[in-house]
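There are two complexes below, and they share chain A, which is joined by chain B in the first and by chain C in the second.
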Partner chain A sequence: MTTSDVLILCAAGMLVSAYLMVGQKALFATIRLYGLQSLLLGIVAAVIAVSEARYELFVTAVVTVVLKAMLIPWFLMRVIDRIGIHREIEPFLNVPASLLVCLGLTVVGYRVSTGFPESSRGVSHHLVGVALSMLLTGLFLMVTRKKAITQILALLTVENAVFLVAVGVTSGMPLVVELGIAFDVILAVLVLGILVHRIVDRFESMDVSRLSKLKG
Partner chain B sequence: MTPAIADALPPIGLAVLQAAGMLAVAPLLKAAIKKMKARLQNRQGPPLLQGYYDLAKLLRKEPVRSETASWVSVAGPRVYFAAAVAATTLVPVLIAAAPLEAAGGILLLVGTLALGRFALATAALDTGSPFGGMGASRDMTIAALAEPALMLGLFTSALAAGSLNLGGLVRNVLQRGGTIHPSDLLAFAGLFIIVIAETGRIPVDNPATHLELTMIHEAMILEYAGPDLALVEWASALKELLYLTLLVDFFLPAGIATSAAPGAIAVALLAWAGKIFLLAIAVTIAESTNAKLRLFRVPELVSISLGLAFLALAIRFL
Partner chain C sequence: MVGGLALTFGLCMATADQFLGGQVPAAFANALRVDGLSALVLVLCGFVGLLSATYGIGYLRRNEARQLVTPRMRLEFYGLIPAYVFAMLLVSVSNNLGLLWIAVELTTLASVFLITFHDRDTSLEAGWKFLMLGSLGLGFALLGTVLLFAAGRGALGEGMTALNWTRFMQVAPELHPFTLRLGVVFALIGYGTKAGLAPMHTWKPDAYREAPSPAGVLMAVGMLNGALYCILRIHLISKASLGPEFSGDLLLKLGLLSVLIAVPFVLIQWNLKRLLAYSSIEHVGIMAVGIGIGGEAGVLGALLHMTYHSLAKPVAFFSAGTLAQLHSSSDFKRMEGGTFNRAPVASVLFVIAALMITGSPPFGLFFSEMTILRAGFLGSHATATSIFLAALVVLSCGFAFQVGRLVLGPPRHPSDRRVPVAEHFDLGMGAAIVAATLAIVSAFYLPGPLVALIRAATQVVSGGV
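What follows is the complex of A and B.
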């Protein structure tokens, strides 16, 4: 297997995991899928670091794996354990319909990616295609799910997608920016975790659509 | 078929050899999955040869049939068995050529398997037992969803290889070398779910239960005993091995023999056994880490695989 094969395989794996997240209602399984997705992103970064001799990307890979594949899933699972809500009961759109929409979004994402000059053909075409598809899927997931945890995971999926483009196609970000993003992600997850606790305290449910009752 | 292979053995001889070999190994696969599952649950599990003992026991017994049953229920297991055996001769196992590939490719394979399923479902309806009818209707519901997904997944690979013929497909994949396309992984994920659904494994059906609310395949064959049951069990095991072999052929064909030289075939045998074992581990893990889905949620699972297969096909064109 060549380097580009590994990259394409990992990117395709990320797309599959994003797609499975849409089809999944159990929150634990969704979190595990997110962990897997982040692990694959870490592998992408590590492979690029080796193949293009950009060793600073190793830091990115390690930060990604430790933070997004281990720490955040562990934290989110703990949150779920504390509040004892394990399932996405009623999304705004049922599963087969959301899968269909995501199918269309993926096709759109892939089609748009052929327009980038960078990605005429080859690996970067697939990386941009996968990233755009994941971005759209994540946004869709954020809009159609009611549980706060799923929305956090959707946000993180979008973040993974952006990261995939940043690592795979561009010539990379300065380390300071990357670390800044990593801390942003930690903070976002912590704050959202606390927010989830507050929502559950107030409404005894994670359903964010109930927040509209707060006004007036 | 490549000339070297055709010279060494006539297709019919090769077909008989391959079908006999697959039939001989099939019960072992089922027992191995059962054993690994038991070990994961800290149980001892049945011995690896249990599949053969069961078949031998059932084949010695006298068939007991319902008084209301017609010839349909006698023919059902036999057609099911024959269809499974016929399907194995269309798939390349050890050498990169299917024995009877002149007869047809992917469409014939899917059609043959559908014929077997049809025969078993009609036979299940024939005895008039409520369980048979229920099992048949459930099995057909799942099959109606799984079959398009199976076809789409297989077509994706066929499109990449430029051949609907399974032997030609494997040869093309070998020649083309190792470039991987994202659609390969999508199609693999989709087909893996289909294999789970078609072989009656846990998220869809539970092979180890006779609880009336949940069973699908077992409900269909509840009326059978003795040699009839043995035929159905054996054919089911064969089908499972066949599906796993298909996955191996399409996505990991490396190691398969391209000539009939004994050395190459020995290597191919080891490679095939190893790959099937890896897939069996994957099936075991999938079965052990998932709970059985409610029947009404099975279409959701199958629609995921349909979506993945369709996505694979779409990305191939983009």
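What follows is the complex of A and C.
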């Protein structure tokens, strides 16, 4: 297997995990899928680090795996355990229809990715295509789901997609910036976790479709 | 806290002064750099930070007098307001696009707990919507930043300086057009969400209603200016590489949409602070239209508008906040019955503020709006400017209707027993009066250094580096 095969395999795995998140209702499984997705992102970064001899990308890979594949899933699972809600309720659109929509979004993502310049690495096109499809899928997940935790996971999927673009097209942003961004992400997840706690305390549910008093 | 923020404001002034003295203060390999635009936004942020902290202490004392404040809330308040101001100042001096993004994200995180400060059902809702929409916007802005970086791959070089705005401006002709376009669109939408440009404005009314008034001012002025600063930086990169039409037209459309979307909501509004939020959506729209029309006149109008808006908006928030505290709510139905009879000072201040923010002569916002309109009619945007003008007129009338209803409405029914707290003079009131005096004076006289800053900022925006 060549380097580009590994990269394409990982990217495809990320897209598949995003699809599975759309088709999944158990919250634990959704969180594990997010963890898997982040792990694959870490592998993509590590493979590029080796093949292009850009060793600062290793730091990115390690930070991604530790933070997004372990710490954030662990934190979210703890939140779920504490509040004791384990399943997503019926989304606004049922699963088969959702998957069809996501298929359409993938086509759109790939179409847009053809406008990028051909770089030395031929797989860059695939990485961007997958990333844009994941971005759209994440957005879709965000608007159709009702549970606060699923919305957070959708947001994190969008964030993973942005990172895939970053490692795929540019071989990574400057290191200081990436560390800052990683720090901000973990802070955001903590803040979101606290908010979920407060919402559950108050409404005895984390169904965000109940948050609909403010209008006009 | 006031002392600290006064010191901060002093430092902002000193930095701006250093800039006017002909230097370009920079630090950390140019990651922080102060040019005309930064200096203007920096001074305005420092000013608003000081003002809102002063008012904030009075605000908290009033709530303490009514036993509404727990020790934890005190701690939150005194911790979060300076953190928020710090993050905004960091935004205004960032020259590095990555650092800029991080600073904007910090402002978001600092403001979430200010929005949920009162811990009501509705404030949780507002906080959740704000954080979800804000994070999504920031995700887009990050993607935009990554794509901008990708567009300049090879030309920008390596390391920390590669993301510097000044570096982007140097290599602008070599940026890859398609990637750049995509990046600019994502970044403008992303930072536009933070600025509250339609159609990503929906968090604003909720957040403004729930946040305590001092934090509301920071959002409505500081955050708005900061987000506009980001938008301007992206716009300038796009302008240098693709010409002024691409991002200019996008901004013009978004701005026009913001002004138009505010119209129906101002007319049917039921809450005082939400009214102010729609006014703020209108004003960010006006600034975006000014930048979109472009040319030196359009940009000058937009930056003048930013300055005058920063002076006028605090008055509106302080007086509205006082009225809301006296009635324990900012809903019109709780405040009905002519607030003038119960709180004459706050009501008069609010009327003055309303005159200012609807752009009535002789106040400053009138001149800046005229400048933008003139630039629009003289340029090639006659249709857009006509629609814009019509929307502004309707908005002024709508605002006048709402304010009249609130301040002069018929007296309450005698059987109504909800007695509001009486108005009395305190620190919060003092801050409101000082803010109003400054805003009125600014209509007739702007201090020389401030004018110089506005000119320098205009030059940055309309003339490249």
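Everything that follows uses one rule, which is that the second predicted complex is superposed on the first by the 208 of 216 C-alpha atoms of A that agree within 3 Å, B and C clash if a C-alpha of one lies under 4 Å from a C-alpha of the other, contacts with A are read in each partner's own complex, and residues count from 1 in each chain.
Heads up, the rule we're going with is that a contact is a pair of C-beta atoms (placed from the backbone, for glycine too) under 8 Å apart; a residue touches a chain by one contact, two chains touch by 3 or more.
Computed from a predicted model, the values in this text were never measured in an experiment.
J.: After the superposition on A, what does A:Leu99 contact: first (chain B), second (chain C), both or neither?
T.: First partner only.
J.: Which partner, chain B or chain C, is in contact with more residues of chain A?
T.: Residues of chain A touched, chain B against chain C: more for C.
J.: Tell me the contact category for A:Val107 with respect to chain B and chain C: first, second, both or neither.
T.: Once the two structures are laid over each other on A, A:Val107 reaches chain B alone.
J.: Identify the partner contact of A:Lys213: answer first if only chain B is touched, second if only chain C is, both if each is, neither if none is.
T.: Once the two structures are laid over each other on A, A:Lys213 reaches chain C alone.
J.: Please indicate which partner A:Ile8 is in contact with in the superposed arrangement: first for chain B, second for chain C, both, or neither.
T.: Only chain B is touched by A:Ile8; chain C is not.
J.: In the overlaid three-chain picture, which partner chain does A:Val16 touch, first (chain B) or second (chain C), both, or neither?
T.: first
J.: Name the contact category of A:Phe116: first (chain B only), second (chain C only), both, or neither.
T.: second
J.: Quick check on the complex: what are the chain C residues that touch chain A?
T.: Within the complex, chain C contacts chain A at residues 96, 98-99, 101-102, 105-106, 108-109, 112-113, 116, 119, 121-122, 124-129, 131-132, 135-136, 139, 142-143, 146-147, 149-150, 153, 158-160, 162-163, 176, 178-179, 182, 205-206, 209, 265, 268-270, 274.
J.: Any idea which chain A residues touch chain C in the complex?
T.: It is residues 112, 115-117, 119, 135, 139, 142, 148, 151, 155, 158-159, 161-162, 165-166, 169-170, 173-174, 176-177, 180-181, 184, 187-188, 191-192, 195, 198-199, 202-203, 208, 211-214, 216 of chain A that touch chain C.
J.: If you look only at chain A, which of its residues touch chain B in the complex?
T.: 1-2, 4-5, 8-9, 11-13, 15-16, 19-20, 23, 95-96, 99-100, 102-103, 106-107, 110-111, 113-114, 126, 129-130
J.: Which positions of chain B touch chain A when the two form their complex?
T.: The touching residues are 178-186, 189, 299-301, 303-304, 307-308, 310-311, 314-315, 318.
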